[in-house]
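There are two complexes below, and they share chain A, which is joined by chain B in the first and by chain C in the second.
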Partner chain A sequence: MEERNEKNVREVIYELLEEICGDDVVRHEPDINLLEEDLIDSLDYTELLIGIEERIGLLMAPSELTREEMDTPNKIIAQVMKRL
Partner chain B sequence: MTLFGELYFFVCAGVLLIPALILGCLQKPLKYYGLVLSVAFILLALKDEPAELFYMMCYLAYQLVLINIFLRLRSEKGARKGIFRVFILLSLAPLVIYKIAGLFALRILRFMVISSLTFKALQVIFEIEDGLIRECDCFDLIYFLIFFPTVLSGPIDRSRRFASDLDNARPREEYLELVGAGLFKICQGLVYKFVLAQAVFQAITYLGMEGGLLSNVVYLYSYGLYLFFDFAGYSLMAIGTGYILGVVTPENFREPFLSVDIRDFWDRWHITLSHWFRDFVFSRFMMASIRGRWFKSKLTGASLGFMINMLLMGLWHGLTASYVLYGLYHGLLLALTEIYQKKSKFYKKHKKDRWYLVASWLVTFNLVMFGFFIFSGRLLEII
Partner chain C sequence: MRTDYSVIERIERIAAAYPERTAFKSRAGEMSYRQLWERSQQIASALSDRLARDERPVMVYGHKSPWMAAAFLGCVRAGRAYCPVDVSMPESRIRDIAARIGNPLIIATEPLALAGYEITTPKQLMQEGSGRCEDRSLWQRDEDTFYIIFTSGSTGKPKGVEISARSLQNFLTWSRGLIAEALPGGESTGVFINQAPFSFDLSVFDLYSCLTSGGTLISLDKELQGDTAAMFAFLREGGARIWVSTPSFADMCLADPAFCGDNFAALKLFLFCGERLSKETAAALMERFPQARVVNTYGPTESTVAVTAVTITEEMLRTDEALPVGRVREGSEIFFDGEEMIIAGDTVAKGYFKDRQKTAAAFFETELKDGQKTRAYRTGDSGYCRDGYYYCTGRIDLQVKLHGYRIELGDIESNLLEIPHVQQACVVPRYDGERIRNLVSFVKAPEMDGTFRDGRFLRELLKEKLPKYMIPKNIIFIDEMPMTVNGKLDRKKLEGMLA
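Up next, the complex of A and B:
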């Protein structure tokens, strides 16, 4: 596994979100609200958690955080960083 | 006494909440008084039903023991799937026994709040397994389970969120603002439940009970409204009362009839229940299926996930054909919505157009009302 510094994590999350949301806006506007913009639904959220588990090696449970605590790329990155 | 259902309750609550108000203004912890109050209201509600009270006390003791044993096993042996499954089944067992016994008209384990308690107890077991709960404060846990504003039928709070409110002695001004917001919600809830729900109920009684096309159409469009005003009204009063006790109980409804698709509807209708199922059934099923590569396509997995999720939600309402059909109906709608929204270029191109939203709202509104028609049992009656 790559070194888990913030730059790497940021890149991994951007890649993941681009795949899941099918839109590279997540990279260009990291404060975009994924829920309001209809970019992520319940199914996508489970894929995001699995992606974080597989690519960063961090287990996160679906009920651990509310969706509002994980609704922008920047918030997701910050929550992941907090747990490494 | 019926909680939130009769004048007697409101008079008692009005008087008994005054000490809470004083404690809150003095910036003292509210949880000790809150627990006493919860016990008092449960005793008042069940004073003519000693069997129910007895079952409820046994049930609480049983869940407390389960949770404490599971917590110890989890910390000693780490996460073990087998142990976890056994404890989920044990925690669920009283509800299942009660529901099945009910089919044979047996009143085993029958007490009014077994469903909502089961959700809360299961949530604790799930989160112990996930490593989110590492210790058990028995006082907080009991208070969480029997918190009287929500004990009857929700909103279904989460234990970690609930506990975070208990030790948070708010500054006086913040507390008073919360009380103000709470009182407003209680008033709103009273109007919903005792004025609007009753008015719609009258309309159903006079115009919707005779059978025939017109009467069925009236029933179809008013039953959902009745459910909404009745249940959202109750939820508002529960949330408002929670505020006075310093607990910011989560919202349960958010203008559900403005939903633009079925997925949106389940983020607006009985939110705490639907999000409970999302977090502890659907998401867990999806994550296990992706990890284990059970399905070739994620959409196939998701469709099955939605069906299982909603079927369980239907069964939770009761073991009748109408509730099963209601669950399957919503499972199917959610699966079709997911496939359509993920696959359709037309959807992606137009999803933000005003005309599309209006059309989508209209379709959703009718689908939702038809769902309540199934839920009410009327559909199976007339076919």
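Up next, the complex of A and C:
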């Protein structure tokens, strides 16, 4: 399996978010607030968690996280790294 | 004196009155009214000899040659409908239409190879013509089919809209009146421009309004349309007076600052059809061409080009509403089935050529307010009427369902177009398999940088006007909107860009 260092995780999350949000601003501005900018709705959030499970092999239950802990690309990456 | 001359009779009278006037001019050549009349007679005579009792329609293939007009007239003078097909059509579609028309003879003004058909040129036919006395009883009139135009349906096989000589005549009585009313005092015709290919019925607006009023048509081939400098020179030299095009084509011209009244002093009237006219386009034209009128019209091919018209005023530009498509012409009535606009009256097509099922699905018999029996057509366009003015809001089939909400894409687009800087907008669904995942808006706004912030700015403005579920998820800025061969916005291509 590919080494799960931060650089790899970062790239995987960026790609996933680009697909879900439809905008590469998530890569260029990793501190952008996805909720406030309407880049992610609840349906997208579910897809994000599924995507993380599929591509990184990490199961993140919606109940263990608040949306505020996952509202920017950088925060999402940090949450993933913490669990690896 | 008779006033209800048929289309052919009118052209005959004009050819007799102004034989040396140029009827048609393009980079492929020009033809005077006398030439047009004589040549079309020769073509008619040869067609009668060749086809004898076979009265099937004749496909006329080509682009912007003056011989196209001669061939059209030749067909209808020989008692046959014609079916115009432009060079831009893919071969499979041409083959499909040829098979549907069923006539082994095809007239072509441009090279065409189609196995199983006898392809001839108008010049060849002209030379064959015996020149014997013409049988005027053959001329297409009243309920005889004048032309069949295949509409580029969104899916499946194209449908051949059958327009009768009477419908065309009724339409032209109105269109000539509309033009005469909009031109400066006393004029009733002039130099028309033709942008649309002849397989698109917008071309009927310019071609026949011109030929039945004694004007001169200057026709722009597609190569010329791609070379703005050469096209502007051609238009100026030709003294273009009456502009007929899609709004998208005018937008393309407006991108060049040289497109203004100082450079085109003869231009007095812009006639639009075939697409929604945005306030931005109308406002830009009115500012750059203070001497000209901008007229918006509306109508489907199935009701002969157009049935409503309105001159755009400064006041209309100032309102919050999208521009109206106008008041309905005398002879037509528009009513509603839910939001869908239904057109009834004396220009509704006979139906779809050899397609009873599709005809029955879209056309029906009805009565006008005065009790007169007439045909009616379901347009698939949604709209409403206020104070006698009709407004189109979009296509019934551009309604999408997203998270259970029914959304009219055209509604979002109108609201985007209300925003200053936004010149063009097209909202398309982004699919995830069969399911619509969200909406994306493509926007042309040259004065904006196209950053994420600009997109957010537009979305914020939209939120003031629309419910949240209607706000496109993404705004994508593009320099130029892709256009179809008919000069309309190419939605399919934009959708494809998201895949």
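Things to note:
Everything below uses one rule, namely that the second predicted complex is superposed on the first by the 83 of 84 C-alpha atoms of A that agree within 3 Å, B and C clash if a C-alpha of one lies under 4 Å from a C-alpha of the other, contacts with A are read in each partner's own complex, and residues count from 1 in each chain.
Definition applied: contacts are C-beta pairs under 8 Å (C-beta built on N, C-alpha and C of every residue); 3 or more make two chains touch, one makes a residue touch a chain.
What you see is a predicted model, and the numbers here were worked out from it, not measured in a lab.
By the touch criterion defined above, A:25 lies against chain C but remains apart from chain B after alignment on the C-alpha atoms of chain A. Once chain A of one complex is fitted onto chain A of the other, the partner contacts of A:64 are limited to chain B, with no touch recorded for chain C. Once chain A of one complex is fitted onto chain A of the other, the partner contacts of A:38 extend to both chain B and chain C.
A simple residue count on chain A separates chain B from chain C, and the partner touching more is B. In the superposition on chain A, A:49 contacts chain B only, with no contact to chain C.
Once both structures are placed on chain A, chain A residues 38, 43 are touched by chain B and, in the other complex, by chain C. The touching residues of chain A, when paired with chain C in their complex, are 21-23, 25, 29, 37-39, 43.
Of all residues in chain C, only 403, 430, 438, 440, 452, 455-456, 459, 471, 473-474 touch chain A in the complex they form.
The touching residues of chain B, when paired with chain A in their complex, are 123, 126-127, 130-132, 158, 263, 278-280, 282-284, 286-287, 290-291, 298, 302, 305, 338, 341, 351.
Within the complex, the chain A residues that touch chain B are 38, 41-43, 45-47, 49-50, 61-64.
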